[in-house]
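What follows is a set of structures for review.
One chain, chain A, links the two complexes that follow: it is found with chain B in the first and with chain C in the second.
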Partner chain A sequence: MFEQLVDGIFWDIALWVFAIGVLWRILSIFRVRNKPDYSEPRASGLAGAIGANLRRFMPRSEMVSRTRLQFVAGYLFHLGLFALLVFAAPHVLFIEAQTGLSWTAMPYWAFIISAQIAFIGLMLLWIYRIMHPVTRLISDVDDHLAAILTFIVMFTGCMALLGEFNGLRVLHRFMVELWLVYFPFSRLMHAFMFIPSRAFTGAWFGRRGVKA
Partner chain B sequence: MSNNRQSRIRHHRMVVFSLLSLLLLTLVLPLIPYAVADLGESAGKVVNPGADLWREVRQRDRSVIGTTRVKGVDSGVLINVYGEDWRQFRMQRLIPYGAALMGIVLSVILLYYLVRGPLRLQGGPSGKKIQRFTVFERTTHWFTVSVFWLLALTGLILLYGRFVLIPLLGPDGFGLTASACKEAHNLFGPMFLVAILMLFVTFVKDNFYARGDMTWLIKGGGLLGGGHVSAGRFNAGEKIWFWIAVLGGIVLCVSGLILDFAVFGQGREVMELSHVLHGIVALIVITVSFGHIYLGTAGVEGTIGSMTTGYVDEAWAKSHHDRWYAEVKAAAVDDSETEPAGGGSASTGVASPTRDG
Partner chain C sequence: MNDRLTRGIEAMRAQMDSRVMSYMSSCVHCGICAEACLFYTETGDARYTPIYKTEPLRKLWRQEYTFWGKLAASMGLSKKLTEQDLADWEELVYDGCTMCGRCSLVCPVGIDIAYMIRKVKEGLSAAGFSPGDLVEAGRRAVGIGSPMGVTLATLQATIRVQEKETGIKVPMDVEDADYLLLLSSGEIAGFPEFIGSLARIFKATGVSWTISSDYFEATNTGVQLGNSKMATILVERVVAAAGKLKVKYVISPECGHAYSTIRWDAANFIGRPLPFKVVHIMELLDELRRDGRLKTDGVTDERISYHDPCNAGRRGGVLDQPRKLLNMVAPNFVELPETGAMNWCCGGGGGVSTIERANELRLKVFSAKKRQLDAVKVAGLVTACSNCRHMLEDGLEDNEMYDVELLGITELIADHLAEPGG
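Take a look at the complex of A and B:
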């Protein structure tokens, strides 16, 4: 019964909530109108937007020593998670079954390495968030919930890896559905918003001749 | 006439005699091997022609590697003679002795806590804080703790689950749990190597033998002889735990990787040896960690803060790590002499940290 719900109606609801929620969040942000800026631009806003996007892939030089852990762990987690999400063999098969689209899955050893670095990155980032007095102070329930939920999704996925027990697969899929429903209403939205956000700040400062 | 009659009688006798002889032979001949066997060794040994073959197959006398066209590790070995030894060790020694070890240590800790209670700060806390661990040190510690306990719990379920969980979950439920734990254990295992390396690099500089460590050990850290014993940043007990964690961790990682990635030509005997070593060392490290957890939380008042906020009370530092406290205060004095007036954080009641968080 639960398996049928998870593979059926729950999955449909989760996908719709995710798609509509993400779209609604993005549109609501883009619909916010700023006051028209009549000042003569000192430099190109577009160049500022592109520059800010590229520069923020690396920490500012004066911050490197203080952000080394977040920088390394952040890249480990995001690259590992992206590889798992898109190129893990079970995911490629699942996407093919759902959409008909297919591409080459990564080999098993690459899957293991991706999972390792994703877990190491996520755990270090979350522990650092709790341990550092400033990040602990500015973090709220959403930050912790997003990290914990993402960890559980990854963890249940790993537990189901052997594929011998359908119950583990169902558990993983159910956690993915919870994650999809939570996604649009949380800071997980940064996956979609980090580029426009950087672009807005970069363009705003760029028009004023300031490197953001 | 009489000759014919005599000839017929003789013929009948021969037929009867032949039939009786045949009957006798039929009955007696099969008994000959038993009769010969009863005569003992001197009468000659009857050897089963298949005995040698089956002795070789069962590998009772020695391990024999045969020849086969199948290419692979141990493909020439029909039966691994050490497999049964390994199974016996796991079931009859590792599992019961490991459970007894953990149970006894937990009981002793509980008993000690009930009888003596936590070690209180003499004179109470001073209200002034001093930084003991930086953010990076605490992050490293909790990362190691997280990976270690995830591995420990999944490992203990794999070792003891059939006794503890089957009555609760049933065979199917335990099968699912064991499969999940095995995958999680195998996947998180290599991460422990990263954690141990981080732990080693972060804390090794303060964990070498130093003057006063032997005295600390002789006095049992203050348990024997009464009163606190002088110590640096880490006392001898903490140093021993550090090296147990690091060296034990390395053994666990190496043996675990041998078990996890069976693609480097290691045979069954190497795997069995690795498993035995992995199990013994894991149970030892888990058991010792009980003591570490107790002393770091409920056992000694004011200790837990060092790994949560990074700060401890000055009275705690003076009481448990007086030499380290003196070093920190001396360094703070040096810093304040070079800083402009108005610097520092005395107004907050927090001593200037010697390490940047």
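Take a look at the complex of A and C:
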């Protein structure tokens, strides 16, 4: 019964909540207009927006020594998670079944490495969050909930693949559904909102002729 | 809810635009901004983390613009923004932030944190939680026309001294001049030779310029306070003075925030494009250099470096021009480590220099600048902002760095000006 719900109506609800929620969040943000900028630009704001979106993938050289851990851990986590999400064999099969689209899955050993990289990154970021005085001060419940939920999704996913036990697969999918429902109302929205944020700042600096 | 809190909340609510809401929705609380802020790096106090300084605005956003915030508020479970929150953040926002914007260049998700802190100031100012010194400076700026109380009579006396020293008449209230020169009170009171230096350069290069006796102040205390109404009043005075004299350009003097205000914010305060172009004095001198009108003779052999004023450089885009000018007269110029757009602030921008209770903190965080200077071991430090120059003087004195001489770039160029026909 629970399996049927998870594979059926729960999944549909989660996807709809995710899609409508994300769309609603984005629309509610852009519904509030920015005031026009009447200053005469020195250079292109659009070029600044695009440039900032690309440049912010790397830390400024002046910041490398002070932010090495966050940078390395952040990349480990996000790259590992991306590899798992898109190239893990069960996910490739699942996406093919849902959409008809298919691509080559990564081998089992690559899955293990990706999972380890993602877990190390996530754990490092979370330990840093609770240990460092700055992140401890500025973090809230949402930060911890998002990290814990993501950890559980990844953990149950690995267990499901390693255990080859259907109950674990159902548990993993259920956790993904919770994650999808939580996503639009949480810090996880940064996965979309970093793009306009970088664009706004890049355009602002770009008009002034400064590379942001 | 009492009046102060209501005024603060309404002022911050008015600041919510899609840019702020994008920033709020993308912050992952990584803390990287702290590592770019001299108030955190030099004190180790986590409260100075730039994004933490925006907490009043974030709290309001959370309770009024987010699903969980609205849900919690409807159930009476949320912690609402209080008057005490605003009171608690006054020191962090005004004393512990120079609006230098270094944090805005390092945020991985691209948040312009200085932009948000400026918006928090709007709320604090409206609620009456602004430092008394800054409020008084604002009162003088509106009432007298200068945050330091520099009157037209003081300016005229200063100009007379400069005219006597240079033998050049400073043109006042000349209609149809090309350029209207604004001055900061700090310049008039502390570095009056700037006026004489410009008079010499403009005479040698044939620039048509003037100063308005109606309004000559370049700085804008409204911006430092976070009081847009005051800022608009002060900008309108510049617009009126420029309009009366029918000038084509307004020159921002050696002052970082004066430049960013009149060049980038002024049109938005008045809600229409400015009827004149704005140039920073470095931009104008560099243009004169490019056109072959500004010529120098001789060089200084001293090893010197350049301190980028944050609001002219990082947040204003005047980065290359001073270097090209220094290249004319200083062959032994060396860059500070972490320079240009990533330069460390002098510690006194954004109105901090006006706040007496912030002096101890300001001098403490000067250690970032000291570290930069210790790395290059220069005999001279040049800058293009009179406020930075005052702050650097304080910092060098406090650290007994008597070997470093402070120089204004305009005076340095004027000292090496080629004689006409020479």
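Just so it is clear, the second predicted complex is superposed on the first by the 209 of 212 C-alpha atoms of A that agree within 3 Å, B and C clash if a C-alpha of one lies under 4 Å from a C-alpha of the other, contacts with A are read in each partner's own complex, and residues count from 1 in each chain.
Criterion: a contact is a pair of C-beta atoms (placed from the backbone, for glycine too) under 8 Å apart; a residue touches a chain by one contact, two chains touch by 3 or more.
The shown structure was predicted, so the numbers you read here are calculated from the model rather than taken from an experiment.
Upon superposition of the two complexes on chain A, no clash is found between chain B and chain C, which fit side by side.
Looking at the superposition, the partner that touches the larger set of chain A residues, chain B or chain C, turns out to be C. Judged by the touch definition given at the top, the superposed model places A:L93 against neither chain B nor chain C. In the superposition on chain A, contact of A:A47 is made with neither chain B nor chain C. In the superposition on chain A, A:L23 makes contact with neither chain B nor chain C.
With chain A as vertex, the superposed Cα centres of chain B and chain C define an angle of 120 degrees, given in steps of 10. Look at A:H132: by the touch rule set out above, it reaches both chain B and chain C.
In the overlay built on the shared chain, the residue A:E164 is in contact with chain B alone; chain C does not reach it. In the superposition on chain A, contact of A:I148 is made with neither chain B nor chain C.
Of the two partner chains, chain B is the only one that A:M123 touches; chain C does not reach it.
Once both complexes are placed on a shared chain A, the shortest Cα to Cα gap between chain B and chain C comes to 6 Å. Taken together, the two complexes place residues 132-133 of chain A in contact with chain B and also with chain C. Residues of chain A touching chain C in their complex: 25, 28-40, 42-43, 52-53, 56, 59-60, 62-63, 66-67, 70, 74, 129, 132-140, 142-143, 184-185, 187, 189-190, 193-194, 196-202, 204-205, 207-212.
Residues 16-19, 21-23, 25-32, 34-36, 40-41, 46-47, 49, 51-52, 65-68, 104-112, 115, 263-268, 270-274, 277, 314-317, 319, 338, 341-342 of chain C touch chain A in their complex.
Touching chain B in their complex are the following residues of chain A: 69, 112, 115-116, 119-120, 123-124, 127-128, 130-133, 155, 158-162, 164-165, 167-168. Taken in their complex, chain B has these residues touching chain A: 135-136, 138-139, 142-143, 146-147, 175-176, 179-184, 187-188, 190-191, 194, 309-310, 357.
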